[in-house]
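Taking it in order: structure first as structure tokens, then the write-up.
The first chain written gets the first letter, and so on, giving A, B, C and D; residue counts start at 1 in each chain.
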Amino acid sequence: MSQMSVVEATNAALRQELARDPKVFVYGEDVAHYGGMFRVTDGLLRDFGADRVIDTPISESGFLGMGLGAAMAGMRPVAELMFIDFSLVAMDQLLNNIAKTHYMSGGSVPVPLTIITQGGGYRGAAAQHSQMLEALLLHLPGLKVVLPSNAADAKGLLAAAIRDDNPVVFINHKQLFGAKSEVPDGEHVVPLGQARTMREGTDVTLFTYSYLVGMGMQAAEEAATQGVSVEVVDLRTLNPLDWETIAASVTKTHRVVIAHEAHLRCGVGVDLSHQIQSRLFDELDAPIQVVAALDAPIPFAKELEDVVLPSPARLLEACLGAVHG
Amino acid sequence: MSQMSVVEATNAALRQELARDPKVFVYGEDVAHYGGMFRVTDGLLRDFGADRVIDTPISESGFLGMGLGAAMAGMRPVAELMFIDFSLVAMDQLLNNIAKTHYMSGGSVPVPLTIITQGGGYRGAAAQHSQMLEALLLHLPGLKVVLPSNAADAKGLLAAAIRDDNPVVFINHKQLFGAKSEVPDGEHVVPLGQARTMREGTDVTLFTYSYLVGMGMQAAEEAATQGVSVEVVDLRTLNPLDWETIAASVTKTHRVVIAHEAHLRCGVGVDLSHQIQSRLFDELDAPIQVVAALDAPIPFAKELEDVVLPSPARLLEACLGAVHG
Amino acid sequence: METSQRDEQFYRSMVRMRAVETELLALSSAGQLRGSLHLAQGQEALPAGAGAALRKDDYVTATYRGHGYVLAKGGPLLPIIAEILGKAAGLGGGKGGKMHLFDLEYGILGTNGIVGAAVGTAAGAAWAAQLQKTDRVALTVCGDGALNQGHVSECMNMAVLYQLPLIILCENNLYSEMTPLSRSHGDVNLAGRAAGFGLNTAQVDGNDPEAVYQVMSEAVNRARTGGGPTFIEAATYRTIGHYQADSGIGYRTAEEVEAWRAKSPLDRWAAKLGKRAPAIAAEEQAAVRAVFEEALALPGPDPLAAGTQVFA
Amino acid sequence: METSQRDEQFYRSMVRMRAVETELLALSSAGQLRGSLHLAQGQEALPAGAGAALRKDDYVTATYRGHGYVLAKGGPLLPIIAEILGKAAGLGGGKGGKMHLFDLEYGILGTNGIVGAAVGTAAGAAWAAQLQKTDRVALTVCGDGALNQGHVSECMNMAVLYQLPLIILCENNLYSEMTPLSRSHGDVNLAGRAAGFGLNTAQVDGNDPEAVYQVMSEAVNRARTGGGPTFIEAATYRTIGHYQADSGIGYRTAEEVEAWRAKSPLDRWAAKLGKRAPAIAAEEQAAVRAVFEEALALPGPDPLAAGTQVFA
């Protein structure tokens, strides 16, 4: 085990996979010579060479399309999208092409393409640089979507993503980049599709992921002092979902809060809420609550951003509300 | 009243608004000289001239961005996106720019831009020409989204959309284009945000919109012969939602089915399902069911498309299931 | 191959493509084929010439109108036709359909329903070939109108930047759907636009398979030997409508269509082959008809397959 | 206006912009300013020269680095600074922030955080001006790197097609973030790329406000009189990092940065104005400082405003 930041752990996964498989190459804006805007690709060019680590122009649609083609032609490309907000200039490649190719080809063409990116707010980056857009990627079938909440998962899930024969979008959170925690040394792979129970509880389950896992743990601790036992589950992978862990927890606590930073409407929260109520209706002792961003673009000023984005207080309130009604 | 197809009614709304307001202009691929791939803009160039009806290159990102700029500069542009599937090449303009401008400007810059498009399957148009993508447009705040189910609404809702000071996406369904029904002559405007109860019922409410309204009516009729009374509500506008009508119906029937053609995950169905269960939990006598496309891209072959897309039989089954458990 | 042999090959290829389209149009008119059908009558010289310049292991991506390139790549006819007809034995098991033909074995990385989108795929395959240090090349086919998709511009720049072994074959048939070049392009010099990105460029009579073959061969050779990408502007015309429901008239004058019909590559090559032509044509047509008969009799996909193969 | 008057105006404009950036950088370093701060030190001649060539009712869109153009458009300073500081009295009530400045009265249709995205907005405003039969023009400012966004290519073509009264001012500062032109552009001749789309083009020393003013005036005049759009490639350099956390060194040599510092337009114009310069500079700096003091004392937005103004 070593103490590592999420950036270092992400870098370690890229190193691990570059060393392991000559088909892997990493590319994106400023990733090679500069080492990545967020240092995620630091040193890779030096250690793996110019054929494995490549700078691109600011052409997300073009270079994701090229990732698709390269994947079809036998490579295992890892593309960096600097901010997930910029996925919107490449949505056609992501959703009409990358996500659909395997199916449209009748299963004959695998697309082992990984896209690493980051999202999230809380830093005054305003409406176009603070978003969480995982729901857009989940609505149309064909992409796996992964969001680690800590360094060990960043390493292990990214390794699994790169080894997966499907397109996977791996989303870090900018607030977690510097967060240090224990990461297994040597080969470390965390299978996609396994949620992780971060804290056991009996009164209510809080399902969450990414940066809000930490907030959820805070809220759970505070709730405990108020006599409410919160189980916190880090979903980790949103497609595939770990339904077993989800169902087991719901049938234990009978009360559910789902929290994420993205917007409410057509988001992951309402998605999971519906799946739970439609499959486990009789298990529910209270309405499912979803904590999400308010229905407004992310504002710049702190006074406003604090209101729009979820806070530990809102998570706590939802957990207590689920129990006390 | 006149009998009109949805295409004719859409055309009538464009004529009505072009005649009414010199700031309105209509543009898109093949819309002017040819009169539109689906004849929606037939005759407009002849009747309103080359300054009001304009052909564009195949540059959806560019021309929607231009619509935004033109709207900010005092026009009321109406852009046609030939298929909603192509919105994906313009998502950055739609979601990072058009949807956010009014808010980012602190309310100082209105964006009276209307986008007309069409979606939907059931015609063997395969994975890239059969989609319903309204959920993507709803996830991020800032766009109004309208989907008529008949000719009268097509005319009235489009007129309201063009008069609205906000960006509105107006989505026809390709299966409805030829569907004729009664349309009020003369000025006809249907305010945005009003659902319409198409059929009263007492056992279960079916919330739906667009092409599936017709399927819902069919299912309701069949259910009636089996002793189940289905209330069918055409949502018409997905943002804003008509919560009053929705809540009134749920508190009447206590059982809910939501049906749409789009995919399930992070779609409109799970969205509405969550809103209903979180606000009206105690009113619900049964789990809410969502009928949606199966989790696969829309396949080409009829045998497969029939399975992936909702059918009257699946709607009926869901309604009966909601009642009989 | 000698010129005379090539002439026969071109003619066969063009006749085969026309025969396939004739069968498809008949099926579509009879209501036996779902969805839109984008035919390429008048443009057959392009796949014929381009296909002959490629190796089996080279890559190809093309448009919704690109089935001709799939045929010309040399793979067996039955799985292609079966896919277009939506059969279980089709290349994509009936899931993809006409606009989405994939065949890894023959380097077919997709025809594509989104204008311009296939250019990125081919550029990426060219990138892979380069990184793998093979001498494979990638061909992507797009229309004149597709140049107005930003995605294509992005890829043109990257093709030059990385000196990719890529050929962009632009079928300039003067129209994007029903809109002429003059109402879609600020400057109708397409090769000039590509040259502005630094691409090698060439212009060619797209109705002459031999000319297409020559210019393609030059571009392929350049790409194979590290000379970078080439943009080829090919002048051509579809003598039929944009898709099965379009008459092709109204937005184009009858004279214009007639003038281009007179330049039909099939007729030109029939004349070239002289007396040999009818027998060759009959042979190809019979072969195509046989494949259609076989394909039409095949079973459709199992409905249970609808939910499979979303993921590998 | 006479040249000497203009020289003073340019100098004032550049000093003002530098003073604003100096204040912002200090606030950011002190942790009193949220988010990323993209400064334009070294590039001040461009807004100074371009702003002088525009009327109040002309339109402007620019990048995350575009606050200089907002200042140079002539609107009052306080609401601009207040927005950058996230105050209720800011142009956007604190909702937009630094990267999203809008002021309809002065034709400011947005600085923009998405590379290239603002080009469409300006092209659309130019379209509106044309359709409304006014003689307004629109200026959009983008970087060298932004040309690699497909959106920009699409708009270049449409600007020519519709002969829009649009000026695309491309600030070629040789880098997109930390990546030099040679690793992002297959062909580094940016004006050449634009010419391939049929745009009128010009190249200019972007560190010379008078030269920028002249070339802009020509383009503006052409646009006002129906002569269509112009692409201006301006050679310049940011002598500071890409954003506040970037030293600007490492991916650029110290010599390169120094060589460009020596071409600083502020120094050049200070020398030009001679003895008059220090007093002018002091005056502008004092004015800016006063505005900052006033703005910093203003209240932040009411948290209740967070959910309002999503829709009109």
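By definition in this document, a residue touches a chain if its C-beta (ideal position, glycine included) is under 8 Å from a C-beta of that chain, and two chains touch if they have at least 3 such contacts.
No experiment lies behind these values; they were computed from the predicted model shown.
Common neighbours of chain B and chain D (chains touching each): A, C.
On a Cα centroid basis, the chain most remote from chain A in this structure is C. Spacing of chain A relative to chain B, judged by their CA centroids, is 30 angstrom. Centre-to-centre separation of chain A and chain D, using mean CA positions: 35 Å. Centre-to-centre spacing of chain A and chain C amounts to 39 Å, using the average Cα coordinate of each chain. Computed centre separation for the pair chain C/chain D is 45 angstrom, with centres defined by C-alpha atoms.
Residue positions of chain C with contacts to 2 or more other chains are 92, 94-96, 100, 112-114, 117, 148-151, 154, 157-158, 161, 183-185, 308, 310. Residue positions of chain B touching 2 or more other chains: 56-57, 59, 61-62, 85-86, 88-89, 92, 96, 103-104, 126-128, 141-142, 295-297, 299.
Taken chain by chain, the contacts link every pair, so each chain touches all the others. Those residues of chain B lying in contact with chain A across their complex are 61, 85-86, 88-89, 91-92, 94-96, 99-100, 103-104, 126-128, 131, 133, 135-136, 138-142, 239, 262-271, 273-275, 277-279, 281, 286-290, 295-297, 299.
Contact residues of chain B toward chain C in the complex are 29-30, 33-34, 37, 55-59, 61-62, 85-86, 88-89, 123-129, 294-297, 299-308. Chain B contributes residues 25, 51, 54, 56-57, 59, 61-75, 77, 92-93, 96-97, 101-111, 141-142, 144, 165-166 to its touches with chain D in the complex. Those residues of chain D that touch chain C in the complex are listed here as 148-154, 156-161, 183-187, 189, 192-199. In the complex of the two chains, the chain C residues touching chain A come out as 59, 61, 83, 90-96, 100, 102-104, 109-110, 112-114, 117, 119-129, 131-132, 138, 150-151, 154-155, 157-158, 161-162, 308-312.
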